[in-house]
Structure formats: structure tokens, C-alpha cells
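One chain, chain A, appears in both complexes that follow, with chain B as partner in the first and chain C in the second.
Right, the complex of A and B next:
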């Protein structure tokens, strides 16, 4: 298949691609539209993937939809930044506000496996206090989840994803050994380490979702550095090569290239199924329960687009909070040049990190952040130089020639939830005829203070390792959360601790949208841990006849 | 292919690895297609394409010793495919409309200021107009509400520069290893070069670099 040929659904004939063999297939159970399945799951990423697998393993009938294709990494993932944009959600979205978000490559995937197909694999746990940040730290909102319970689900997620990490992790409460040894740290990571040590901070090899030794059909990572545009070797433990094959084996059906446009609700106020677009036609799948797992833009968009006379403001929205409290994470960076050759594109991009400022509270702002080593590929690096420094012409070409000598540190910082940062529907329509989202974002004063602090710290670290021509990239953000927050009451949240909507008892949300706060670490492991918990909770509710 | 000792990576050509273990079949297909991009515009009319070529020549002036990367053709291909980025700023029209309007407006500005098409201006005049576009100082009615500064940063810079650094000639120029599958990398430390990576012509080692780069497979 060529990169720009339109794809057709692959899982229509009772089989799914075997991602581990060229041209191979695995058998997959098919369900008919008319069968009332136990669960429809919309989205197969960090939330939808594990939930689908666990529900199927518990014996529920599940059909999971994804708007994106079911890729075969071995045959279809080129070692190439430009053509691999096929992994991203590139349908139009309008961004505004004082600090408009960059979407596309930066923020969301459209493929079976979701954004985990092209994520950077950094796999971190929240600091326990963040689950009660309002009570313990004085900002944001408390989660209705207990950190000790989350600790056990994190451990399960780390096992399932074969996380490679250090023997002992320097921050937070004790955790079990990582299942795979840490990866060798590249030159870019060692410079982070040297800078952190010079500042008196601890650092660590980053726990990563790519294997350092064989696992099943996954070979160890070969340090090619293309992780953010898809891993062609299957070393990366994305949903596509972990929970999705598990789900299929356990009897779930994965419908690829199937865009859900609307959730149907009957006169009694219960969800009855979903309207979806596949292979050129709109169809309707009946279901006893519906789970939305489309991530922080598509989840609220679908809930809003599903408005009815009874729910004129969209589904699960009696609180008026669907689409609100959108959060991204500050992803600012400091860049510089070294005398030596660093060749930062070798290996996964973030092989070392320091979480120092997530655990040190001597700051005059709320929230925390970590920072990581960097290894952008040429197109991404050129966009930093044009964006942050406005370089073009000869100046840009000359600066790009320093590629092999560059280093960089990038923060992942906690942005505070704000009511006015939100997703709404615009007047324009997409290729399915659905209103496209408008994403409005402005940083709060606290966000700005945190960013300034992080930039100054990272600059010091680069100075201490002797980097020259240091410059700051002040505008980048990454990762999404919020827009269907979980909480303690129907007035102040969209779903409860079990990810069940307050308004419609058989409608769940299980993805990054449920975060009430976003913490100072990358989100996927927390999303997956919540999904694993949700599956257990659903099983318990079903046993008690409360589903 | 770069050659001679003037270049930072003399003799290094990422394409010499094309048939080696760093390139797999899908990558070869993708890059072959990129190298064979149709040179004639399929979306823009000849006049706008001429303007675009001139703009590309200023955003990324290319070295004389190798064939130019056909940047305008790549931007036109993006427009032809309507390959969206996944978002756009509320003050910009959609991809195709932004380029059509922006190129026409640059030409209108050139006519207003110098009585000639943008493509016929001296490089210095072109650069001045582009800098004023970047700074948001242009205001010809042809912009029709589209902020020139947003057009410059979100479309001109973003699309042209991305097309350039997607090209093997640019990879060779900056000493980037290029495609790496199934073979990745082994030597992870500073100043450690795998033999299939570009060798840098630091002062005094130009000839060694040339020799090592010729052996890259």
C-alpha cells in the first residue's frame, strides 16, 4: 500500500491483521449491527484499548470502533517523518484563544491503537498527592480515586506493557521492579543527567513502553529513533501490539475506519447504540452500554453532537461541563549546541528525565513539572527553529547543519484546569457531515509562572553542561486531558469514579477526558490504569445487577 | 549528494543506504515517490506557481552544486492532495484558500510597491516584502482579512520548510542518518559514530570524513 492511497476497512471478514507477521491474519469474532452487544467502545487508544481487552476477557461481548485504520507496522510504517503523518488525526479543527493549541502531530492519533501508535512511550505514575490536589496542595480538584488503589493498577499496566525502567525509581512511594531493564541512555540523556547532578537534582533513565529484551513477538528496541512516527519493528508496546491483539483473542470485534457520529438515546434516557460511518455508509450498532474513549477533543465533540430534544445540550451534560476544563501540558523547551557530536536522534527521544520539581514544593506557583532529554527528527527540529527563532533563508540552513550537535530539554508541566478552556462545536462540517470542533485555550497566570520557572531551570542545566547558543522555545504544549471530568457529584463533574456518566447510567467515558487535573507527567499510564480499574468496576457492577 | 571539502559532511549521501539494511521496502517506496514528485503544478495556476517558486527560493535558498529540491512542486502536491495539518488558527482560512489568497496578495503587494510581479523582483526586494509579511506590516486589500503574519508563519514557513527537510538532499546536507529500519543504531554515546552515519569534516579531518562518507552503505 502506498502512503496516500485511501484505505478500506480490514476487519470486515471475521479476521484482523496480525501485526506480527507480514500479510498475516488472526481470527476475529464478528457481531451483527442488530445484535445488542454488551459494550460498544468508541476509540481504541490508551483508554479504549485496555478496556476493550479486559471487558472481553471478563466475558462481555464488545465491539470497539476506531475512526482510523488498522495498520500493519512491519509493512506500512516507513522510516519517514512526512509520510507517517498518516497516523495523526488530521481532520480539520479550529483553534483559538490567547494560546491556541497545535493539534495534528502534536496531539492526537487516528488509528487502531490511538495516539499510542505514535506516542513517545514515556510511562510515569502520578505523584500520589495529585489525586487530592485540592485538599492537600490547594489547587485544582480532587479525584474520586484513591492513590493506593491506583498504585496497584499502575503495576498491572506496567506489567501488561512490559515497561523498561530503572531498578529503583528515585521519586514517590515504593513501586515494584519494572518488568524489563532500563534502556542504555544516549548522549542526549547523559547530558541531562550531568546537568541535573550539577544542580543537585536526581535523574533517572526514563521508564519506557518499548522493550529492552524480546517479549513474545516483539524484538528489543534497535534505537532507530522514529518512535513518534510509528515503530516499524514492534518493539514499542503500543495498544496496537498489546491490548488490541489480546482483545481480539478474547472475542472482541475491532471495527477499523469506523467513525461514530452519534450516540442514540431512547425515551427512557438510556443509550441504545451508535450511528457509525464505515465503507461509505451510515450504520447503527445496538448496544446495552456505550463507552466513549475518543480523547479530550473527540469525546466531548461526540457527546455534544449527540444532543436530542431530551438532552438539548448534549449527552451527559446536565452539569454543563462537557467540553470544559480542557487541559494541555506545558511542553516548553530549552535548546543549545554542544562541542561534541550528540546525534540526538539515536534511540527513543526521551531516555532520561528528572522529576525533581514534581516532588519539591518550594515554589511560588501550583503544580509541578518534569523535564526530559530530546531527539527531534529534522522536520520537527526545523519547525522549532522557524517557530521559536523565526529563522529562514541562509540562517535556517546554517543552523540546521548543526543538527548532530544540538541538545535540548523539554518540560512536561501541569496546567491548571480552567472553565473557559474548552471544546465547542463550530459552524463548519467535516467529511462525514459532522460539525467540527473549536478548541479554545488560554494560559492562566499560574501556568505562566510554572513555565517561566521551568525554562529558567532547564536553561541553567544546559549552561552547566557547557551548551552554547542556548535559546528558549516558549510556546509548545502537548497532551490533552479534561472535558469530561470525573468527580464526586453530578453538579461538578460529568462522570463518577467508575467513569460512568451521572446522567445516563449506561454511558461511560474512559479516556484522558476524565482527568480533573493533569499532573506534571505524561498521561498515558494513568489513562490505562483507570481503564483497567474501570473494567474491574464494571464487572463488579454487573455482578450486583447494577449495570 | 554533496561533494568537495566545503561541505560539512563531504561525500555523504543518505541515498547510498537505499539498498542496505537501513531501508525497508515501504520506506523505499515512499522516498522514491517523493523524489519523483510531478514538477508541473497540479493545483496552482502557472502564475501563482511562479510566485510560489520565488518565495521558496528565498525561504530556502539552495546550494548551486546539486539539483534543487523542487519545493514549490512539493507545496503544490500538498495543496493538490489537500493534506490538512489537523488544525488551523481561527484567523486563517483553510489550507488551499490560504495559499491561493496569500500568493495573490504577495503579488499584489509587489505590483503596488515596485510595479512588477513578485517573481520578477530582485532578491533583496523579495526578502523585504517577505520580512514585512512576517512582521504583519502589509495591508493590501488582496489579503481580504487574512493576517499576513499568520499566513507567513503558519503556511509559508511551515509548509516550505517541512517540504525541504523531508527531502534526502536536506538530510545529506545536515548529516542526518535518514531512514533506519530494520537497522537502527548501536553507538549511543557522544562522539560515537556508527559506520553507516555521516562523518563530519571537522578542521583537519576533511579527507577522513570524505573517505568515511563514501563508505556509508
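Right, the complex of A and C next:
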């Protein structure tokens, strides 16, 4: 199956692809549209995947929908950047604002497993203070979650995903030993380490969701370096090879290539099911509870598009905050060239990092950031050279010949939540007939100060290891968050600490869109930890008859 | 639900290898009581005078131990240094030293005479020296990397303990010459100390060092398979018994020590089988052997335990024959 071929759903006959064997299948329980299942989960990424697995393992009947295909990594993931763009959500979006977001690659995913199928596997915990950043650090908003409770769910997520990390992590409170050892750090990571040591900062091998030793049927990572366009060996512990097979074995149904367009709400104000588009027709699945896990664009889009007479501004939106406080993370980079060969594409792209500026508050802006070693593949690298550096023709060709000598550092920085950074519905419609989302984004002065600080710091690090021809890439952003923030009250947030909407008691949101602030680390592990907690909370609510 | 255990042929192979290992360890304890009584009877019969044939037998056993370690070092360093592209010419040294040590060990194994051979002594001394130098090189290489002697470099940089196996091969070979080279009707001595005690102590120390190496690398692999615990549990017990025999009373049977040493020898051999399964679990398995033999678990490493166990058994024989 290739992106240019028409794709048909694979999980319609009571079986799902066995990702570990070529052409293999695992049995999967089917539910009929008419059956009122306990839970419908919309989206199977870092939030929907673990939630589906845990709810099914707790005995609930669950149907999980994903708009993307159910891929077979061993057979369908090529060592080819262009072909692998099939993993991205490239449907039309309208972007505007002072700093329009570039949508469709690293900040999206349209596949069973969501963007974890192509993420860089960086699995970091929040700094504890970030859960109370308004009270303790003076910016953003407090989370209704306690960091100590999150610490236990982080540990569970790290176990489930067999995170490979260092025996002792240099920052933050004590945490249990990572389930697997950190990977060998490649030359690009060692140069980050050298630079950090020269600046007096600590550094660490990055905790990654790719195994350094066999795990079940996953082989250890072979350092192929194509992580960000899909792992063809299954070493990467994406949702597709971890929670999704668990979910299927526990009795959940995964509906691939099924786009949910609308949540139905009855006269009493409870959700009753979802309208979804699959195999050319619109269908309706009945459900007792609905969980939206579509990430920061699709989640508000679906809630807004499900407006009724009773909820004219969209579901769960009495606060007016659905779609608001959209956040991305600054992903600026500094690039340079070494005399010696580096071969930065060998291994996962971010094998080493420093979180120094996430834990050092001696700075004149809010928020923190980390930076990581880099290893972009050739097409991505050429787009940096043409975009950020403006090279073309002969100059571009000559620069590309230096590929094996390039090094780079890229930051993941905390951008502050702002009411006017938001997702709304446009007047235009897409291939499903659904309104296309409009994504409005502008950097705040604080964001710009953080970026300037990060660029200067990373530049110093490269200079200290003797890099030449240093240049800055000033415009990149990556992960998304916000748009359905969790909080302490129905006036100031969309969902409560249990990810349950204040307005509709059987409607939940469980993905990165519940983040009130986004922190200076990659969000995936936090999303997974929240999903694991939500599953436990739902079980507790059900036992008390409060579901 | 647990998705951590492999399924299919890998699970079957692991179960089979595990079963064979446990069976082998159990069988290696069979017949020990009987042979123990025989040893005791023999020792009583020749009170005060060591059997000279025992010395040669023990010496040849030590040749085999030295040769086993040399073979392990030869193949292991060949694979690992090839993986490192022999970027430093000195990386050929262990191949040469281990090959020579293997050859003279074979020679010693065939030699039933009572005299040390200068050529064997020279080669064994050279192997010991090469092992020491190798350790120095590896320590230097780890120390200069970012992170120094932190876990990350202990796991992935030049292994600090590996060249010591070459040292041990040289040391055991040299000891075999000393055991062999004794005047008739005297107890074999090494530097004036009863040979069994010297060999026993050296073996115990060697086993502990090898356990540390296996422990470090199995920790790197997160003991992801329970059988990975075997080399860090049974050999230390064997080393303990071996040390107890080396420093304890002589002239009596030590059936438990023998059993644990034999079990360690079994683990050394089955370790290679387990590592072969590990290679199969890497991406592409044995079809991709050219990559996975280099990056997977090292096939030649575990038999180092077998070599050391042979040395321990030689020490026990010497000690059993040694007058109180």
C-alpha cells in the first residue's frame, strides 16, 4: 500500500494487522454501529492509544477511531523521506496570525498510532514546578494535577514504553531507573556533550522510546536514523507497537481510516455517539461515553463542529475557551560544520540533550527550554539550507556535499499560552465536507526573548566545539498543545483534572490539547501519563456510579 | 497485559536453551559423591607424596583452560576490533597474542612430559603482557571521552574488562608450566606456595572479574531475559567455593565446589547458544548475520567462564592431592 494508491480500511473483518510479522494478523473483536459501546475514543496517538488499551484492560467495551491507515511498518515504511510523508496529516488548513504555523509534518500524524509513529521518541518528564507555573514561577496557568501523582504515571508510561534512558538523570526530583539503558551517543550527541561541558552545563543521553535491547517482539534499535519518518524495524515504541496491540488483545476495536466528523448530543445534554466517515459512507456509532483525542487542531475542530441548538458555540464550550490558548514550542536551531566527519544521521536524531535552562531560572523571561543534538535526513536538511540559509543551485549542491560534516542543535522551548492563539472553523470545506480549521498564531514578546536566548546559547555551544560556518534557523516550531485546557473551574477551563468536560459529563478530552502550559520538553510522555491517569480516574468514577 | 516476552520461534528457542542449560547444570552434579570418595581413598593411600601424574594432568587441564580463554579472546576481539575498523594498528595485538596462546595451549595439551617449555612460557608471558597493555589502552580510551568513567562509557566504549581475559589466558598458561615443572615426588609449588592454592586463588579472582564484565553488559541489556542472570549468580558461587578451597584445608574432596565449577562451565557454553538466539532477535536475525554478529550479543564471550571453570577444576585436583 502506498500513498498514491487508494487505501481501504484493514480492520473490517474482525482482525487487525500484526505489526510484528509480514502479512500477519491478530484477531480483533468487532462491534456493530448499533451497539452502545462503553467508550468511543477518537484518535489513537499518545493520548488515545494508552487510554484505549487501559480502558479495554479494565473491562470496558471500546471502539477507537483513527482517520489514518493501520500501517505495517515492516512492509510499508521505506527508507525514503518523500514516500514517508504519508504518515503526516496533510489535509488542508488555513494558517494566519503574525507567525503562522507550518502545519503537516512534525506537528501532525494521520495513522493508527498518531504522530508517535514518526516522532523523535524523546520521552522527558515535566519539571515539577511547571504544574504550578502561575503560582510558583509567575506565568501561564496552574494545572489541576499534582506533580507527585504525575510522577507515578510517568513511571508507568516509561515502563509500558520501555524507555531507554540513563541510569541517573541529572535534572529534577528522583525518578525510578529507566526500564532500558540509554543508547550509545553518536558523534553529533558527543559534540553537544562537549559543548555543554565547555559551558559548564550538565548534559545527558536522551531518554528515548526506542529499545536498546530486545523487548518482546521488538528488536533493539539498529540506528538506521529514519525515526522521524517511521521506524521500519519496530524498535521504536510507538503506540502502533505497544498500546494498540495491547488494546486489541484486551478486546478493543480499532477502526482505521475512519474520520469522525461530529459528536451527537441528545436533548438531555449527553453525548450519544459519533458520526464517522469510513469506506465512502457516513455512519453512526452509539456510545455511552465519548473521548476526543485528536490533538490540538482536530480536537477543537470536532468540538466546534458538533455545535447544536443547545450548544451553539460547540460542545464543552460554555467557557468560550475551546480552540483558545493554542501553544506550539519553539524549535529554532543553530547549525554549523566540523572539520572531522560527524555523520549526524546515524542513530536517533536526538541522542543527547541539556535541560540546563529548564531548571535554571536566572533569566529575564518566563518559561524554559532544552536543546538536543540533531540529525536531519538529506531532504529535510536541504529544505533548511534553501529556507533558513537561502542557498540554491551550485551553492546548495556544494553545501549538501558537506552533509557528513554538519552538526546542529535544536531547542524545544516553552511558548506561553495566549487567548488569541487559537483554532476556529473556516467557511471552506475539506474532502469529508467538514469545515477546514483556521489556525491563528502569533509569538509573544516573551516567546521572542526565549528564542533569542536559546539561539545565543546554542551558538556559543557550537563555537566552543570549533564549528565553522555557523548559521541560525529562526523560524521553526514543532509540538502543539492547548485548545481544550484543563483547569479548576468551568469558567476558566474546558475540562477538569480527569479530562472530563465541565459541560457534558460523558464527554472527555484526552490529548495534548488539555495542557494549560506546554513546558520546555517534548510533550509525548506527559500526554501518555495523563491518559494513564484518566483511565484510572474513569474506572474510579464508574465504580462510584458517577460516569 | 505483558507484551515484553517474545512469541513464536524465539520463545521456543529460549525455552529449549534454558531447559538444556538447567539439565546440564543438574547433570554436572551427578557422580560427584562417588568420585569424591575415590579421591579421598587415593589421598589417604599416598599420604605425604603427591602423585606426579596428577601434576601433569592438572598442568594439561590448565593448558586447556588457557586455550579456551585464548579462543574466546581471539574470536571476540576479532569481531569487536573489526567492528572498530582496526582504526589503530595496535588492535591487531590481541589477535596475534591469543592465536599464539591458543597454539601453545594445544601443544601443552598434547605434551605429557614433566618439563616446562621455554617457548610456551614466552608466549604465555607475552599474552599476559598484551592483556595488561590492552587494559591500559581501553582505560585511556574511556577516560578521554565526554562523560569519562560514567556508566554510558563503561557500557559502550572499549570494554575495560575484556583484555583481562587475555591476561588470564597468559597467567593460567604460565601457571600450567610451573605446575608441570616440579621435581619428582614433591608437591607442585609455584613460587614456593602449593600450586593448587595459587591456581585456585587466581581462578576465583578471574571468575569474579569475568562476572563483573558480564554483569555490566547484561545490565546494559537490562537483563531483559531471565537467563541473563545465570552468569552473575552461579559463577560467583563457584568462585566462592574455589577461594574457600584455595585458602582452606587441602587433601579432601570438594564435591560442591566441583559441581558449581562444572555448572559454570555449562553456563559458559550455553551462553553462546543464548547469544545466538539474541542474534536471531536482532533486526533481520541470522539472515543479516554480517551486521548482527557485530552488533548483537557476542557469541565468543561466554566460554571464558568455561575456561576459568576448567582452571578451577585443575586447582581442586591439585588441592585434593596435596598433603594436609
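Quick note on the criterion: the second predicted complex is superposed on the first by the 545 of 547 C-alpha atoms of A that agree within 3 Å, B and C clash if a C-alpha of one lies under 4 Å from a C-alpha of the other, contacts with A are read in each partner's own complex, and residues count from 1 in each chain.
Operating definition for what follows: contacts are C-beta pairs under 8 Å (C-beta built on N, C-alpha and C of every residue); 3 or more make two chains touch, one makes a residue touch a chain.
This structure is a prediction, so every number in the text was calculated from the model and none was measured.
Engineer: Return first, second, both or neither, reflecting whether A:96 touches chain B, chain C, both chains, or no partner chain.
Structural biologist: first
Engineer: Is A:193 in contact with chain B, with chain C, with both, or with neither (first, second, both, neither)?
Structural biologist: second
Engineer: Quick check on the superposed pair: does A:222 touch chain B, chain C, both, or neither? Answer first, second, both or neither.
Structural biologist: A:222: touches chain B and chain C.
Engineer: Of the partners chain B and chain C, which touch A:233 in the superposed model: first, second, both, neither?
Structural biologist: The answer is both, since A:233 touches chain B and chain C.
Engineer: Should A:378 be classified as contacting the first partner (chain B), the second (chain C), both, or neither?
Structural biologist: Once the two structures are laid over each other on A, A:378 reaches chain B alone.
Engineer: Tell me the contact category for A:36 with respect to chain B and chain C: first, second, both or neither.
Structural biologist: In the superposed model, A:36 contacts neither chain B nor chain C.
Engineer: Applying the touch criterion given at the start, work out whether A:250 contacts chain B, chain C, both or neither, answering first, second, both or neither.
Structural biologist: Second partner only.
Engineer: Check whether chain B or chain C contacts more residues of chain A in the superposed model.
Structural biologist: Counting residues of chain A touched by each partner, the higher count goes to B.
Engineer: Would you check which partner chain A:184 touches, where first means chain B only, second means chain C only, and both and neither mean what they say?
Structural biologist: both
Engineer: Let me check the overlay on chain A: which residues of chain A are in contact with chain B and also with chain C?
Structural biologist: The overlap between the chain B and chain C interfaces on chain A comprises residues 184-185, 190, 222, 233.
Engineer: Under the touch definition given earlier, write down the residues of chain B that touch chain A in their complex.
Structural biologist: So the residues of chain B in touch with chain A come to 8, 22-27, 29-31, 33-34, 58-61, 81, 83-90, 94, 127, 134, 153, 157-158, 161-162, 164-166, 170-171, 173-193, 197-198, 200.
Engineer: Considering the complex alone, what residue numbers of chain A touch chain B?
Structural biologist: Within the complex, chain A touches chain B at residues 2-4, 75-83, 85, 88-96, 100-105, 107-108, 184-187, 190-191, 221-226, 232-233, 338, 340-343, 345-347, 377-379, 381-383, 386-387, 390, 392-394, 396-397, 400-401, 403-404, 438-439.
Engineer: Under the stated contact criterion, what part of chain C meets chain A in this complex?
Structural biologist: Touching chain A from chain C are residues 1, 3-8, 10, 145-147, 151-152, 155-156, 219-222, 224-225, 278, 281-283, 291, 295.
Engineer: Give every residue of chain A touching chain C within the complex, in rising order.
Structural biologist: That would be residues 21, 53, 57, 162, 166-168, 179-182, 184-185, 190, 193-194, 197, 203, 205, 212-217, 219-220, 222, 233, 235, 242, 245-246, 249-250 of chain A.
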